[in-house]
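Note that chain A is present in both complexes that follow, paired respectively with chain B and with chain C.
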Partner chain A sequence: MIDYHFDWSVISRNSGRFAEALGLGLGLAVLSLAIGCALGLACAYARLSGKPWLAWPVRGYVELIRCTPLLLLIFFIYFGLPELGLYGMDKFQSFVLTLSLYAGAYMCEVFRAGLASIPKQYVEAAKAIGLRPWQRQRWVVLPVMIRITLPSISNNLISLFKDTSLAAAIAIPELTFTARQINANTFRVMEVWLTASALYLATAWLLAALLRRVERRYASIR
Partner chain B sequence: MDLQPGDFLFELWQARFSLWAGIVATVSSSALTILASTLCGTLLGLVLAYGGPIARALARLYVDVLRGIPVLVLILFTYYGLALFGINVPAFWAGVIALSAFATAHVAETLRGAVESVPAGQMEAAKAIGLRFPQRLRDVILPQALRRMLPPWVNTGLEVVKGTTLLSVIGVVELLLASQQVMARNYLIIDFYLTAGAFYLVINAAIAQLGAALERRFSYLRY
Partner chain C sequence: MAGNVLLQARKVHKSFGETEVLKGIDLDVAQGQVVSLIGASGSGKTTFLRCVNLLEEHDAGEILLDGEPVGYRMEGGRRKRLSEAAISAQRARIGMVFQQFNLFPHLTAEENVMLGLTRVLGKPKAEAREIAGHWLARVGLEARRGHYPYQLSGGQQQRVAIARAVAMQPRLLLFDEVTSALDPELVAEVLAVMQQLAESGQTMLLVSHEMLFVRDVSHHVVFMDQGRVAQAGPPAEIFGNPESERLRSFLGRFHGLFAL
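Up next is the complex of A and B:
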């Protein structure tokens, strides 16, 4: 065993930066999940619409995104879109766009499965009491579907939070980027990376525990 | 047809060796990772399912910790951390080690789920006919569990291929970094990102096909 002297003062000196970076990562994840959910829901309805001209492009989008490495998508949108004439996005907007597109593909599959798992009788009952199509969706199908898919949504949030570490590749100062920078400046390798790992881990576990409470709270319909 | 420098096809031909080296690095790091994580993950999964309380708690800790940390952090930690302990491995191996450690956790969890999904009656029947534990495992439980494990195992394989792009961050010239180096020469950013994406699609589609073939091959193990 090599003798390595831990010097945790580097962490306390930079605690503000770590906290900011963690908050930024969480913010990016939540924002992307929100946009991704909206996108995914629209895509799920398109997939189930029964119209091939709607369903097939969505299928292509989902498969394409799921088979492409996220880092490649990040670079493609950050460096590639300006080449195609889409200027004016800063790195944060570009990253949120990428992560939202990425989340949208996964959420599409989640919502599609959720919508498909709703018993037909619910819709028939809603028809029988005279609800219009959009009312049936709004008051019957969606509330049940959200409860069914809540565990998948929370899993996605946690994995998106971990995926925000890739934002380091385009110099967004989130946790991984910050840790790398502090590591490069101070070369306190163990302290910096143990702290970063612990922060990710603690946040992921906290999120999981929190979301499990939410799931239990809303698990009334089964 | 005469191609000019600056044409995509001309530049693609010029870059063929760089891109090929990138593909080789991507495929070999993925293959090594999948191999190592399947072996270690199976062992760890068996510990999770059948180990004593202490071994099981340690395995559970490993799995939960590794699944809670982003792969990129694991890779950077391994890369900088190993050097600190005087282990000077090339970036390629640091990346493979980190990816394998990560994928091992996933395979272990998958195997545990698969083993526990085999009906308890199978284990009891195997006990009743007098098989010892290794025999029960080898001849009764694992054949059924491995069949159930195939789809998520293939998914882990796809995740690993996608995860190898992260090795570019520590300077391994795999497909993504190789493409970016080509782009740095010819500025055909869109074309070469799309090319890299297409290669990833092909690699992943091949793995998915292989997985589907394996599933068909072992579909008789249904009950």
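Up next is the complex of A and C:
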């Protein structure tokens, strides 16, 4: 028989640490997504530029990142880069760099597909009123593309948020790491891990619900 | 042709790969006139229109707007393509309305009209909004200014597209089969707006299959056939005295319309 006596007081005693850890994970995900979006957009334009010397390195980057486990990338950038003579990043910077590079590769593909799906007629209409090339991108192509790709951006944010748990591997005190520490000090295995799981679940679910609202608000494109 | 010549095309050629679509088009549009291009599909009407607005670039010959070559300048006897900025500036003086409306889907009717006013002509937002309101009222859509394209019918969308083009006060307005994608009951409202514009003295070059409209509104009609101008003249002459067999057979398809 199961002989486990739940004692939830461990959670209330550590609620502040849980909250802080959750906030940190969210912050890491949002920051990495923001950098990843900028990087991904630049890469998408490079891929579509028709210039092989721009398109091919980007393709290599995307495939490298997509085909390598994230945990390995985290280790490589945190432990490997200093060995190559690149010092000076603390573990937070190193992790944000990793997660941004990771997000950038995925966002590159999302944005590339999005840009390619913009009907040519919108661009022609933009030309016809005399908008310059960069204005056509800024005022017509990008706004339409962002609306089209919003569901994918949301998915990526939720994935990235869950992926922040891997930061535990380099001792960043986000939710997973913190839960492990509390567990190690209190041995309240079930309470701690159930709480951590519930927090991930609830936050991801809330994020999804929130982003669905944003998507609906911008559903002016069919 | 009377009046100041606004648009002048001389021996315009255009090929897509092996296929020569325009085989030396000569055509003048005088200021304040309405010139219509008619002809079977594939005769090059739309391609010519797109060359005028630089959505396609002609291979040979010249297209002059206000005496200025469209899309290039001459340098030592050679054609040199203009910069993108200069091409955009030329396009701003030519309005275009498309078959599929092509409204910007993320902007309201009003914002669609305002975009060119603020970003191309550099007008302040308030003034642009006022101008947009004026033109949306002219096409009968003042009440719909806050609607997005998907909330409008095809005819309404096309009227917004016309407002967007006219608001820029272009020297020349191009219409590319603007009623072809519309349900029959929505055609009239768009033609009515175009007729109003024609009567206000707006210079227009249009491609249309609406023969009655072409006959009633045009000053000059150009029948194109297989990439050439086969016959051109005032509507009375084109519709009353078709010279070639091909024009007769083309008009024959619309026979019922003219048996009034």
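Note that the second predicted complex is superposed on the first by the 222 of 222 C-alpha atoms of A that agree within 3 Å, B and C clash if a C-alpha of one lies under 4 Å from a C-alpha of the other, contacts with A are read in each partner's own complex, and residues count from 1 in each chain.
As a working rule, a contact is a pair of C-beta atoms (placed from the backbone, for glycine too) under 8 Å apart; a residue touches a chain by one contact, two chains touch by 3 or more.
Quick caveat: nothing in here was measured; it's all calculated off a predicted structure.
Engineer: For A:E124, decide between first (touching chain B), second (touching chain C), both and neither.
Structural biologist: After superposing on A, A:E124 lies in contact with chain C but is clear of chain B.
Engineer: So, A:Q93: does it touch chain B (first), chain C (second), both, or neither?
Structural biologist: A:Q93: touches no partner chain.
Engineer: Classify the contacts of A:Y200 with the two partner chains as first (chain B alone), second (chain C alone), both, or neither.
Structural biologist: So A:Y200 only meets chain B here.
Engineer: In the overlay, answer first, second, both or neither for which of chain B and chain C A:R147 touches.
Structural biologist: Touch partner of A:R147: chain C, not chain B.
Engineer: Counting residues of chain A touched by each partner, does chain B or chain C come out ahead?
Structural biologist: B
Engineer: Once the shared chain is lined up, is A:W139 touching chain B (first), chain C (second), both, or neither of them?
Structural biologist: Only chain C is touched by A:W139; chain B is not.
Engineer: Which partner chains sit in contact with A:S9 here, chain B, chain C, both or neither? Use first/second/both/neither.
Structural biologist: In the superposition, A:S9 touches no partner, neither chain B nor chain C.
Engineer: Using the superposition on chain A as set up above, list the residues of chain A that contact both chain B and chain C.
Structural biologist: Correct list for chain A: none, the interfaces share no residue.
Engineer: Which residues of chain A touch chain B in the complex?
Structural biologist: Result: residues 2, 4, 64, 67-72, 75-76, 79-80, 83-84, 162-163, 165-166, 168-169, 176, 179-180, 183, 189-190, 193, 196-197, 200-201, 204-205 of chain A touch chain B.
Engineer: Quick check on the complex: what are the chain C residues that touch chain A?
Structural biologist: That would be residues 53-55, 84-85, 88-89, 91-96, 98, 100, 102-106, 115-116, 119-120, 148-150, 161, 164-165, 168 of chain C.
Engineer: Applying the document's contact rule, which stretches of chain B touch chain A when the two form their complex?
Structural biologist: 64-65, 68-74, 76-77, 80-81, 83-86, 158, 161-166, 168-169, 176, 180, 189-190, 193-194, 196-197, 200-201, 204-205
Engineer: Note which residues of chain A are touching chain C in the complex, please.
Structural biologist: 121-122, 124-133, 135, 139-140, 143-144, 147, 218, 220-222
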